[in-house]
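These are the structures in question, set out in turn.
Here subunit A shows up in two complexes: once beside subunit B, once beside subunit C.
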Partner chain A sequence: MSAEQINSQYPAEYAKVEALLPGQSVSWLKTLREQALAFFSSHGFPSLREEEWRYTNVSAIEKKLFSPVVHDEIGALDVGSLDTYRLENAWTIVLVDGHFSAALSDLEGLPSSVRVLDMASALEQYPDELQKYFTQAVSYKQHGFVAFNAAWFTDGVFIHVPSKEVLSKPVQIIHVVTQADYMSNTRHIITIDKMAQAEVIETFIGCDDAYLSTAVTEVFVGENADLTLYKLQLEGEKAYHFAGTYVKQEANARFKHHNFAFGGLLARNDIRTDLGRASECELNGLYLGIKRQHIDNHTRINHLQPHAISRELYKGVLDQRARGVFQGRVVVAEYAQKTSSEMNNRNLLLSNDAEADTKPQLEIYADDVKCAHGVTVGQLDEKSIFYLQSRCVDEATARNMLTFAFANEMVFKIKIKNLHDQILEQLLARFPQEGIQQEWL
Partner chain B sequence: MSSSAQEIDNLIGQKYKEGFVTDIEVDTFPPGLDEEVIAKLSAIKGEPEFMLEYRLKAFRHWQTMKEPDWAQLNIEPIDYQAISYYSAPKKDSDKPQSLDEIDPQLLETYKKLGIPLDEQERLAGVAVDAVFDSVSVATTFKGKLHDVGVIFCPISEALQEHPELVKQYLGTVVPETDNFFAALNAAVFTDGSFVYIPKGVRCPMELSTYFRINAANTGQFERTLIIADADSHVSYLEGCTAPMRDENQLHAAVVELVALDNAEIKYSTVQNWYPGDENGVGGIYNFVTKRAECRGVNSKVSWTQVETGSAITWKYPSCVLLGENSVGEFYSVALTNNYQQADTGTKMIHIGKNTRSTIISKGISAGKSQNTYRGLVKIGKNAENARNYTQCDSLLVGDKCGAHTFPYVEVKQPSAQVEHEATTSKISEDQLFFCQQRGLSAEDAVSMIVNGFCKQVFKELPMEFAVEAQALLGLSLEGSVG
Partner chain C sequence: MLSIKNLHVSVGDKPILKGINLEINAGEVHAIMGPNGSGKSTLSHVLSGKSGYTVTEGTVTYKGKDLLDMAPEIRAREGIFLAFQYPVEIPGVSNIYLLKAALNAMRIHQGLPEVDAFDFLTLVKDKVKLLEMDEKFLYRSVNEGFSGGEKKRNEILQAAILEPSMCILDETDSGLDIDALQVVAAGINSLRAADRSFLMITHYQRLLDYIKPDIVHVLADGRIVKTGGPELALELEEKGYSWVQEQVA
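Up next, the complex of A and B:
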C-alpha cells in the first residue's frame, strides 16, 4: 500500500474507536480532535520537502498502519523489567500502551494542593480548566505529528503545581509500549504557577518490535517559577518515536531541559520555548546513534521579551550506520533587546557510514543582543589519543575513554543521583566500555 | 547618544553617489520573451547553431520552473514579459577599434565612475573589458595578454573565435537546468567575459570588468566563464555601479569557473548597484548564480566579495571541490542599509580527498534592512580528511534591522573536521567609549571598528579593490552607530 493509502485509512480507523477515546463529554475537545484529524487527512505526515524535515524521512512510518490500543487491549507487562527504570524517591505515573495504569503508579504522599493525574480523569474533572491550556503552546497545525497526536491521544498526564509550592521529589512519567504494530499517543499538560518549583522525568521504553509512540507536552512556567524536565528516550530498537515539548515561560521563569535520545529506529524530538521577560532557558541534549538509528533533534528558542537568557548544548555520538540530525533555531524579536543566547552542537562521527547533518540558525531582529552559535563535526583528537598512549593506555581504550568523556559531559549535568546513575548505565550499555573502569566513573 | 543619533540619520541618509543616467541612443528589443526573441538575439550576436539550441533548451526548461521562495527575502512579483531582453549601443555594426573611436559621452560616464580607461592601461596595469549595456565596447591590453596566450574577451566574441572552447565548458558548472535564474540567464544572456588561461601560464595582470546597467527596464544577463588550465593562475576583478532609477531592474548573472590541476583562480567582486532610496523604492534585484569547480588536484578557487548595493541580493558563490587536495575559499562582506535585503553565502561541496575550505562572512545590517548568511558545507563519503572552517559574524546598527544566520552542515565522512562559528552583536559601547576617550570622534571610532570587523575580508582583496571597498563602507556606515 502506498503512503497515501495508509494515511487515508486512519480516519476510518478513527471512526471505529472514537467513542472509546477520553473526553467524550467535552465538546471543545471533540471539535479539536475532528479538526486535527481533518488536518492530518489533508497533510499527512511531514515530507522531506518541508524545510524542518529535510533530513528526516518518515516514509517508513507510512508503510504501516499502526493500530490504536483501546482499554481492553492493553498488553501484559513484565512488572520486574519496569522496575529497572522506576526511580526510587520519586512519584511515578505509568502509562502502558498509552493508558494510565493505577496499579503501577505511585503517587503516595503527594501534597494535596498539587495535582498529578491521568489526562482521562483530568478531562472529566477539570474540562474547563484544561481548555485554557490545550493548544495554547502548540497548534495542531504545527505539523502532521502534532495533529496526529491531537486526534488520537488516548491518555496522558496533567500536572499542576500551585504557586509557591516546591515539590520535594521529582515526578516520573514512564511510557511503556508492549505490543508490536500498535501505537501509543499521549498528551501532557504541565503547569507550574508563580514561584513554584518542580522536576519532571519522562522515560520512554518499549518492546523490541516495531511500534509508534508519540507524545506532545504543553508546558506553562509561571512568573518566577522553576521547572526542570528530563527526557530519557530508551525506545525499542525498531520503534518510531516522536515527542514534542512546547513551552511558554512567563517573566523570570526558569526552564531546563535535559534530553537523552538513545533508543528507537527513527526518533524525532521537537522542543520549542517562548521566553518571557528576563526568563532563562537551558537546553541540553545527548544523542547516541548506533546500527541504523536515525535520531533527529529540533529546538527552537523564541526570544520575545527583553533581558532573557538562553543556553543550549547538544552533543551527538554516531557510530555504525547511524544518522544524527540537529536543528537549533534562535529567534530574537525586535522588542527583545538585551538578549543573550548561546548555542552549541558537537558531533563525533565514529564510522565511515555514519552521518551528521546540522543546522544551527540565528534569526535576529533586535540590535542590542549577544548571540552566538557553534557547530563542530569531527573525530576524536589524535593528540589526546597519543597523549594517553604515551601514558601506557592502549589505543582502543584511549578511544573509549575519550568517547565516554565526550558524552559524559551531558550526563554529568544531572543532579538527581539515581537518575544520573541510570543514564550512565544506559550510556555504557550502548558503547564499548572495555577499559573504562567503573571505579573512576 | 542623542548627538550621534543625529549623525546616524545624516550619514545613513547620504545619497547614492554614482546616480546619473547617460543619454545614448540604444537599440532595444520591445519588452517580452518568447522563442522568437531568443532566436533574434542569437542571430544579432551571430552565434553558432549550438548556442541557439542551448538557449532554447534552457528557455523551455525555464518555462516549467517556479521562482524560488525559500530565501529570507521579500520580493515583489517580477513580470518577466515586461522586461526588454536586449539593449546595445547603436553603433553596434561599427565597433570602435581604439579609445578614440568611443562615444565621448560614454568615456565621460566612465570618468564619473572612476574608471580612467585612457590612462589606467599604464598606471594600474589592469586590462579593462568594459561592458556597457551588454555589448563590449573596449578591450585593452589585448596584445600583452595575447603574447602569453591568455584569451580575455567578451563571451560573444569567444563564441565566434573559440567556439570549441566555449562549447566544451559552457554550462558544465552551472547547467541550464540548475535554478530558475540560471535557466533564464542561459536562455537570454547577452554578453559577459570569457577567460582562458593556458597551461602553465601565470596571467601577467589582474583582469577586470566593469558591468553597468544603463537603459531603463533592461534586464541585464551577464555570463562569465573562466577556465584556468593546468598549472595556471589568474586573478579576476569584477566591480559594479549603476545609475539611479525608480523602477526595479533585474540582474540575473551566471559565473562559471573551472580550475584544472594545480590551477588557481581568485575572483573578487565589489558590488555597488543602486540599492533603492531610503523608502525602499527602486533598486536592483541581483539574483546571481556563481559556481566554481576545482576539477584538478591541488586546484584552488577563492571568492572574495564586498556587497553593498542592490535592493535585493540572492547570491551564493560556491565551490565544488572534486580534485584531491583542492581548496575553496569564500570571503564576504555584505552591508545592507535602508530597506535592502541580502540573502547570501556560499556552498562548499567536498568530494575529493584532503579538500579544504574556509568561509569568512561578515554581515553588517543598518536601517530597516535584512541581512542573511545562508551556507552549506557538505562532506561526501569519499572526502577523507576534508577540512572546513566557517566563521560568520554579524554586526547590527540600529534596532529596526535584522541579521540572520542559516548554515547547513552535512557530514558523511568521519575523518572530516568541520567547524562553524557565528556571532551577532552590535558595536560595543566600551570600544566606542575607549576610542572617544582617546580623542577620536564618534564617526572615526565607528569607522575604525567597522573596518577592523571587515579586515579579514579586505586583506583578501587586490589593492585597487581594497581601497574602493573601504571607501564604500565608510560612505554608508561611518558614524552610524552610537
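Up next, the complex of A and C:
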C-alpha cells in the first residue's frame, strides 16, 4: 500500500476508537482533535520536500498502519525490566502503551500543592485550566507528527508546580511500548509557576519490534522559575520515535534540557523555546548512532526579549551505517538587544559509512548581541592518540578512551547521581567498541 | 642506553634528518641545540614513534633492541619518555586515570603486578608536591584548560611517576616564565640518576642554566655539526647559530 493509502486509513481507525480517547466531554478538545486529524489527513507525515525535514525521510512509518491501543489491549510488561529504568528517589509515572498505569506509578509523598497526574484524569478534573495551556506552545499545524499526536493521544502527564514550591525529588515519566505495530501517543503539559523549581525526567523504552511512539510536551516556565528536563530515549531498535518539546519562558526563567538519544531505528526530536526577558536556556544533547539508526535533533531558540542567554551543545557519535542530523536555529528578534547566544554541534564519525548532516542557523535582527556558533564533523584527533600512546596506552584503547571521553562530556553534566550512572551504563552498553571502561573517567 | 647511527628521516619526499650519529650512555644528559627547522623536533618525534616520518637509512638501538621496530606505546613501556613541546589536551579523561593507566601498562609490560590503589595515591601526591602543583589538577581532564606552565609541570609529573630510563625533553622551556622554569628544572634535576639519561632539545641556552648538560650538540640542516661540553651552549648563545652554520659551510 502507498503512503497515501495508509494515511487515509487513519480517520476510519480513529472513528472506531474515538469514543475511548480521553476528554470526550471536553468540547474544545474534541474540536482540536478533529481539526488535527483533518490537518493530518490532508498533510500526512512531513516529507523531504519540507525544509525542516530535508535530511529525515519518514516514509518508512507510512508503510505500516500502527494500531491505537485501547485500555483492554495494553500489553503485558516485564516489571523486572521496567525496574532497571526506574530511578530511586524520584516520583514515577509509568505510561504503558500510551496509558497511565496507577499500579506501576509511585507518587507517594508528593506535596499536596503540587499536581502530577495522568492527562486523562486531568482533563476530567481541570478541563478549563488545561485549555489555557493546550496548543499555546505549539500549534497542531506545526507538522504532521504534532497533528497526529494531537488527534490520537491516549494519555500523558500534567505537572503543575505552584509558585515558590521547590520539588525535593525529580518526577520521572517512563514510556513503555509493549508490542509490535502498536502506537503510543502521549501529550504532556508541564507548568512551573513563579520562582518554583522542578526536575523532570522522561524515559522512553519499548519492545524489540517495530512500533510508533510520539510524545508532545508543552512547557511553561514562569518568572524566575527553574526547570530542568532530562530525556533518555532508549526505544527498541526497530522503533519509530518522534518527540516535540515546546517551551515558553517568562522573564528570568531558567530552562535546561539534557537530551540523550540512543535508541530507535528512526528518531526525531524537536525542541523549541521562546525566551522571555533575561531568561536563560541551556540545551544539551548527545546522540549515539550505530547500525542503521537515524537520529535527528532539531532545536530552535527564539530570542524574543532583551538580555536573554542561550547555550547549546549537541554532540554526536556515529558508527557503522548510522546517520545523525542536527539543525540548530537561533533567531534573535529586533527587540532582543543584549542577547548572548552560543551554539555548538560536534560530530565524531567512526566509520566510512556513517554520516552527519549538520545545519546551524543564526538569524539576527538586533544589532547589539553576542552570538557564536560552531560545527565540527570529524574523526578522532591523531595528536591525541599519539599522546596517549606515548603514555603507554595501546592504540585501540587510546581510540576507545577518546571516543568515550568525547561522549562522556555530556553525561558528566548530569548532577542527579543515579540518573548519571544509568545514562553512563546505557552508553557503555551501546558502544560498539569493546573494552571501554568506566574507570577512565 | 641509546645509540643512533646514520639516521636519515624524510617527511614525504623531503629529507629532514641527514645522517645523525649520537651515543647516549646511562646517566648522561645531552642537549641538542639548533635553529628553527634544523630537525630537532623531528628527532624527538622519530625516537618516540610518531607517525608521518619515514626512516630511509640508519638504525636506532635502545638498550640493545631495535627501537624503530617498536610501536609508540611499547617504546613508552620500555622506558622512553617524551615530554611534549605542546602537551595535548584530552577532555574527558582524568589526569589521575591516565597516570595510573600508564603506570600499570608499563608495570604489566615489565612483568610486575599492577600498582596498589593506596600506594599509587601516596606516590602521586608526593610527586605533585615536588612539582608544586595543586592536587586538584589530578582530577581535572588531562591538560584541559591548563596554562602553559601547568602543562609542562604535568609532563614532568608523568615522568616522575613513570620513572623512564630515557627522557626526551622537547623544548620544555618554551612558554615558561622564570618561576615556572625553575620549578620544572628542579623537577627534572630530581629525576637525574645513574641509570637515567636525558636528551634535551632546546632552541635557547636558558634551560641549560638550570639543567647542566654533560654534552651539547648543535644540529643544523639535519646533521650534528658540532659537539662539545656545556661551554658550547654559552658560545652559541653569544655568537648565534650563524656562527656554526658558517663554520660548517
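One rule holds for everything that comes next: the second predicted complex is superposed on the first by the 431 of 441 C-alpha atoms of A that agree within 3 Å, B and C clash if a C-alpha of one lies under 4 Å from a C-alpha of the other, contacts with A are read in each partner's own complex, and residues count from 1 in each chain.
As a convention for this text, a contact is a pair of C-beta atoms (placed from the backbone, for glycine too) under 8 Å apart; a residue touches a chain by one contact, two chains touch by 3 or more.
Keep in mind that what you see is a predicted model, and the values were worked out from it rather than measured.
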{"item": "Side-by-side fit of subunit B and subunit C on subunit A, or clash", "value": "fit"}
{"item": "Subunit B versus subunit C as contact partner of A:F404, first or second or both or neither", "value": "second"}
{"item": "Partner chain(s) touched by A:K383 [first = subunit B, second = subunit C, both, neither]", "value": "second"}
{"item": "Partner chain in contact with A:F412 - subunit B first, subunit C second, else both or neither", "value": "second"}
{"item": "Subunit B versus subunit C as contact partner of A:S25, first or second or both or neither", "value": "neither"}
{"item": "Apex subunit A: angle to the C-alpha centres of subunit B and subunit C, given in degrees as a multiple of 10", "value": "70"}
{"item": "Contacts of A:T84 with subunit B and subunit C, given as first, second, both or neither", "value": "neither"}
{"item": "First, second, both or neither for A:D357, with subunit B first and subunit C second", "value": "first"}
{"item": "Subunit B versus subunit C, judged by how many residues of subunit A each one touches", "value": "B"}
{"item": "Partner chain(s) touched by A:D394 [first = subunit B, second = subunit C, both, neither]", "value": "second"}
{"item": "Per-pair minimum CA distance [subunit C against subunit B, superposed on A] in Å", "value": "15"}
{"item": "Those residues of subunit A which subunit B touches in one complex and subunit C touches in the other", "value": "none"}
{"item": "List of subunit A residues in touch with subunit B within their complex", "value": "51, 55, 334, 337, 347, 349-352, 354-379"}
{"item": "Residue numbers on subunit C that touch subunit A, as the complex places them", "value": "48-51, 71-73, 75-77, 81-82, 84, 87-88, 90-94, 97-98, 101-103, 105-106, 109, 141, 158, 162"}
{"item": "Residue ranges of subunit B touching subunit A (in the complex, touch as defined)", "value": "70, 72, 379, 381, 394, 396-426"}
{"item": "Subunit C partner contacts - residues on subunit A that touch it in the complex", "value": "381-384, 386-395, 401-402, 404-406, 408-409, 412, 439-441"}
